[in-house]
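Two complexes come next, and they have one chain in common, chain A, joined by chain B in the first and chain C in the second.
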Partner chain A sequence: MSAENFKLTGESKFGVIALGVGVAGVAASVAGLFIDHKTFYFAYLVAFMFWMAIALGGLFFTLIHHLVGAEWSIVIRRIPETLASAIPMMAILFIPIVLGMHDLYEWSHEEAVAHDELLKHKSAWLNPMWFTIRAYIYFGIWTFIAWTLYKASLDQDGGKDVTEKMRSVSAPSMIVFALSITAAAFDWLMSLDPHWFSTIFGVYFFAGSWWTTLACVVLLSMYLRGKSKLGEVMTIEHYHDLGKLMFGFTVFWTYIAFSQFMLIWYGNIPEETIWYKHRWEHGWQYVSMFLFIGHFVLPFLVLIFRASKRSFTVMKIVASWFLLMEFVDLYWLIMPTFTIVNPDAHHGLHFSWQHLTTFVGIGGLFLWFVWNRLTSASIVPVGDPRIEASIHLKNA
Partner chain B sequence: MSMETATLKQEHRNGHHHVYVPEPELINDKPRFKTITDIISGVPEGKMPRLWWILFGISFALMAMYLAVITYLIWKGIGIWGNNTTVGWAWDITNFVWWVGIGHAGTLISAVLFLFRQKWRTSINRFSEAMTIFAVICAGMFPLIHMGRIWHAYWFLPLPNSMQMWVNFRSPLMWDVFAISTYLSVSIMFWYVGLIPDLATMRDRAKPGIRKTLLGLFSLGWRGGNRQWRHYERAYMILAGLSTPLVLSVHTIVSFDFATSVIPGWHTTIFPPYFVAGAIFSGFAMVMTLVIITYWMFPQIKQIINERHIDNMNKIIMVTGMMVGYAYGCEFFIAWYSGNPYEASIFIKRATGPYWWAYWSMITCNVIIPQIFWIKSMRTNLAVSFIVSIFVNIGMWFERFVITVTSLSQDYLPSSWKYFNPTIYDVACFVGSIGLFMTLFLLFLRYMPMVAMSEVKGVLPHANPHHPDHELNGHGNGHAHEQHRAEKVAELATKNGGR
Partner chain C sequence: MSENMNEIKSQSAEELKKKADATGAKALEILIEEEAEGVVAEFPNSGALLEAAEKIRNAGYKRFEVYSPFPIHGMDDAMGLKQSPLGFIVFAAGSIGCIGALLLQWWTSAVDYPVVYSGKPLFALPAFIPITFELTVILCGFTAVVGMFALNRMPRFYHPMFYSENFSKKAGDDGFFAAIFVWDEKFNVREVKQFFQNIGGKNIEIIHRPLEAELAQQN
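Then we have the complex of A and B:
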């Protein structure tokens, strides 16, 4: 099996379109920044977290794949590896968040901190300088892990024996990953409401992130099947397994979301329940209900059937739905805090055209980067010694 | 399209995959199917070794003491324990959670690892399923005896007509009753369904008599036909699917016993997954302890449960130990981050207050000691594995003790702060429950096939239809090429002198 067979040659069109759309999106977003910077930064954070979630999920996919020595996912591995390799670009795209901190995070307002005992207490952790340094520590860690594994994987295509190396890199990386994704979720999302706290929040963000990446892998691989020989090695059996994981992690996400909700509801302590109260008034209750139905009930009912997981059409629809729901989830996490830094704004849903422009802008650049990487190497890790077993995967 | 991929595609379309990819051997010395039957069935068919009798004697004595202590406890009331007005829950709930936690490994191994296609689980699943059932029995004892008036135990059940009222459905303790009884029944069902083919094997080997009759009765007329296997495998898959959410739900609800309250150190959102990870951690540690004790009694088992299994189990112990460590870290961070003075105070007191020794025992045993498993030679070393598993058992007991007692002994009202001192009866109940557990476990070894023979055979390399030796075992199932098969038959015929 040779790498040449699985190269996307002369397929630069997708990348060009993505770049074009991305640049147009960024231009429109910049216009948005000047028109209404308050809305811009919130919309930007939602969009940024969405694509970041996919990249981080890709990193987790790669790590867990190596750690458990999975066979079935070898033919798919290059896709999550590539998604993760886009993390350094996300580090650049994080700059607007650093610049717009004042419009996003209440704890960055010196006058607010001065009058608030809790914020004063937290300022050792939540202050602009340390927040920025931390963010770039996370990006540094993730980039290092993602690029080390990506590079090793390409070396393997060239015939180098790196299986053990990839596994031994993944073990400590998984620990660092778990800690850094938790801290990032605390910093970037939880601290939007700086008085509120939840120990499970890091796991919640992780659950959604990995869930979305599974869907993204399904969609990307389906697109690649039409463009390359991927379809010869990646069969419905692999989609069946991806579907099982999508089903399992639909339940896992719900389990984590429920654990958080249920314990806060039952404990009924105002400093904790306020977070859910904000999401149960001024129209937000409909988003909350939609999240429950769309992020759990519908995927659960569809994916529980074997036939759905073994249908390209159904998998394509479900995976697209997953992406939509992750966006809704992040929107639901982030947007209700808009009135914390903008007390005069109205409390309802804020759906602005800027959500679209920022989403398309970041997404276009992200996909352009990913596509460039995909076209520069084989889309299947052909050098993996166990690839035959992966190709011949069969569900009992 | 290259020739290679073209062939692959063609083969795939035909649904034939005659590629045999050798895997690392799960079983030592490449035994034939019969060797496995002989080793496993041989244990209950033969005489028990001296060590078995010694352990059984000790365990039985402890169990007898347990019954005596329980009798006295019910006679006298739970005042004989060290519980006081401040610490109303102490060793009883610690023991309860500890045992329920241990009872998680069985279902994890039989259900979750099954769904994840982890073939190595076949050597240890029977074992840990049995352990699960016994651990849940031990766990169930503690809420029962904590009631004091054990004859009112049926008040746990929603019996509106006879009681003229409902139980309190809002109480997580009530959900525990449902969760644990469901878990126990599904675990028994899973265990029993898995046992059927093996009981039939033992029946076929038994000499006529009461043993054969009983084995015949419980193997439900199993003949090992194609249709029976098909039904069996479907049932097994369904039970695995049903049990997986149970693995999560039981310890989730146990965590709710604490987390739904507003006691500092109890009310935190990470409790459900944290408790589940801890349960798997302690369960695997107990499986490890028992496997190694079984090695001492029946060294022939080493052929079936080998270094690879020990290695894998130790990896899971290390991973789940770190998950628990992650939860400790999150709790500590948020205790500070929240700015809640009660929360912060309880965590600082855990580490530096009157129970500092319990807290640091927990951290040492659960987070620090398992780190030795980063070294591969340590993961496969039996002495090290045994010692670490004991430390984890101790550490997980301390975890529950720390959670329960530190939070209760110093809560919101300093005037009612009290230190908890266990009495001899606390210790006797705990040690006695270990006696009950070990007695049941040793009886299981004495009477039952301790490893799922049929499943282990299924993962042997020559059970794979694409393995070159497959037909030699006489289990060809028609997947192989007819021509290839004919060749093999001819070859066998020549070997057998043309018969």
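Then we have the complex of A and C:
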């Protein structure tokens, strides 16, 4: 098996289109920034977190793959690895959030902190300087892990024996990853409502992130099958396994989401319940219901059947649905806090065209980056000593 | 042992001797062939076993089994096994657990002994979810394990394979075996032996009770 065999063969304008759409999206987003900067930053945060979730999920996929010595996922490993390799670009795309901190986070308002005991208390952690430094510490950690593993994987294509190295890098990295993704979710999402806290929040973000990455891997690999020889080695058995994980983590996400909800509902302490109260009025209750049905009930009922997981068509539809639901999830996490920093705004859904422009802007650049990396190397990690076993995977 | 003795009474020593004289073969061999419960063959590795399973299925045998120290991916397909009904049984059990748990909590908390706890409604669904979840999961879990055993007809105290010394020694260690049993419609000792030879089986053995001892006793 040689790496050349698994380079892209079919003509594809994917990269060019992604870049074009990305640049157009960014241009429109910049226009949005000048028209309505308050909406812009919130829309930007939703879109940023969406693509960040996919990149982080890719990193987790790679880590857990090496850590458990997985065999089945070797043929698809290059895809999550590549998704994670886009993290440094996300670090650049984080700059607008640093610049727009004042429009997003109440704790960045000095006058608000001065009159608020709780925020004063939290200001040792939640202050603009330390927030920015922390963010780039996270990006540094993730970039380091992602690129160490990505480069090792490319070395492996060239015949280097790095299996042990990748595993020993993954073990400590997993611990660091768990801590950093939790802290990042606290910083970037939970602190939007700085009076509110939930210790499970980081896990909640992680659950959605990994869930979405699985869907993203399904969709990307389906596209790549037509453009390369990936189709020869990635069979329905691999989709079946991805489907099982998607099903499992549908339940996992719900378990975490409900754990968060139930304790707050049961404790019934106003400072905690207010978070759900915000999401159960002014039209948000429909989004909440939609989230429950779309993020849990429907995927659960569809993916529970073996036949669904073994159908390309069903998997394609379900995976696309996952991406939509992750967007809804992040929208539901972020947008109700709009009125915290904009007390005069209405409390409704705040859906703006800027959600679209920022989404395709970041997404276009993200996918362009990923596509460039995918086309520069083999689509399949052909150097892995256990690749044959992965190709001949069979589900019992 | 005495019961087994009764079973082969029809084959008295004299009769056997007569048969043996007539065919020129040993009495024991005839007895073994007549009392065979199956034929077992050993294969060198999991790949060979997988191929063998496919050949056995293609030859039209239905009541056969393969044994390996670890699960072999793709064996179900090779053997032509249908999808197990276990998933549906577990789903039914899970549904019963789910509905049962809700009914139990509704009856105890809202109907039979209604007490208001910390201002919550009597039928406080969020608070009931953990129990509902747990009961669903535990019924699923138990049903999966018990159902798996039942569908495999386990546990059992007797299986003809135990008579093969070679099998007993190696099946749990490094042996890969395939066996075709007497309850297969197509079963014929000599044909099966020949068949196993053709597909590359080693240490081919007819599975039978310890007839040597029985014969010796009779004589």
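Keep this in mind: the second predicted complex is superposed on the first by the 392 of 396 C-alpha atoms of A that agree within 3 Å, B and C clash if a C-alpha of one lies under 4 Å from a C-alpha of the other, contacts with A are read in each partner's own complex, and residues count from 1 in each chain.
Keep this in mind: contacts are C-beta pairs under 8 Å (C-beta built on N, C-alpha and C of every residue); 3 or more make two chains touch, one makes a residue touch a chain.
This is a predicted model, so every value here is computed, not measured.
Bringing the complexes onto one copy of chain A puts chain B in a clash with chain C. Ranking chain B and chain C by residues of chain A touched puts B first. In the superposition on chain A, no contact is made by A:I133 with either chain B or chain C.
Of the two partner chains placed by superposition, only chain B is touched by A:I256; chain C is not.
When both complexes are overlaid on chain A, the residue A:K394 reaches chain B and chain C alike. In the superposition on chain A, A:K122 makes contact with chain B only, while chain C stays out of contact range.
Contacts of A:Y266 after superposition on the shared chain: both chain B and chain C are touched. Within the superposed three-chain model, A:R306 lies in touch with chain C and out of touch with chain B [touch as defined at top].
Of the two partner chains placed by superposition, only chain B is touched by A:T199; chain C is not.
Within the three-chain superposition, the chain B stretch that clashes with chain C turns out to be 238-246, the only such case among 4-12, 40-48 or 238-246.
In the superposition on chain A, the residues of chain A contacting both chain B and chain C are 262, 266, 268, 392, 394. Across the complex, chain C meets chain A through its residues 71, 73-77, 83, 87, 91, 118-120, 126-127, 129-130.
Residues 1-2, 4-5, 8-9, 12, 17, 19, 21, 115, 245, 248, 252, 256, 259-262, 267-273, 322, 326-327, 329-331, 334, 337-340, 374 of chain B touch chain A in their complex.
By the touch rule above, chain A contacts chain C in their complex via residues 258, 261-262, 265-266, 268, 304, 306, 392-396. Across the complex, chain B is touched by residues 1-2, 5, 117-118, 121-122, 125, 171, 175, 178-179, 182, 186, 197-203, 229, 232-233, 235, 244, 251, 255-256, 259-260, 262-264, 266-269, 271, 386, 388-389, 391-392, 394 of chain A.
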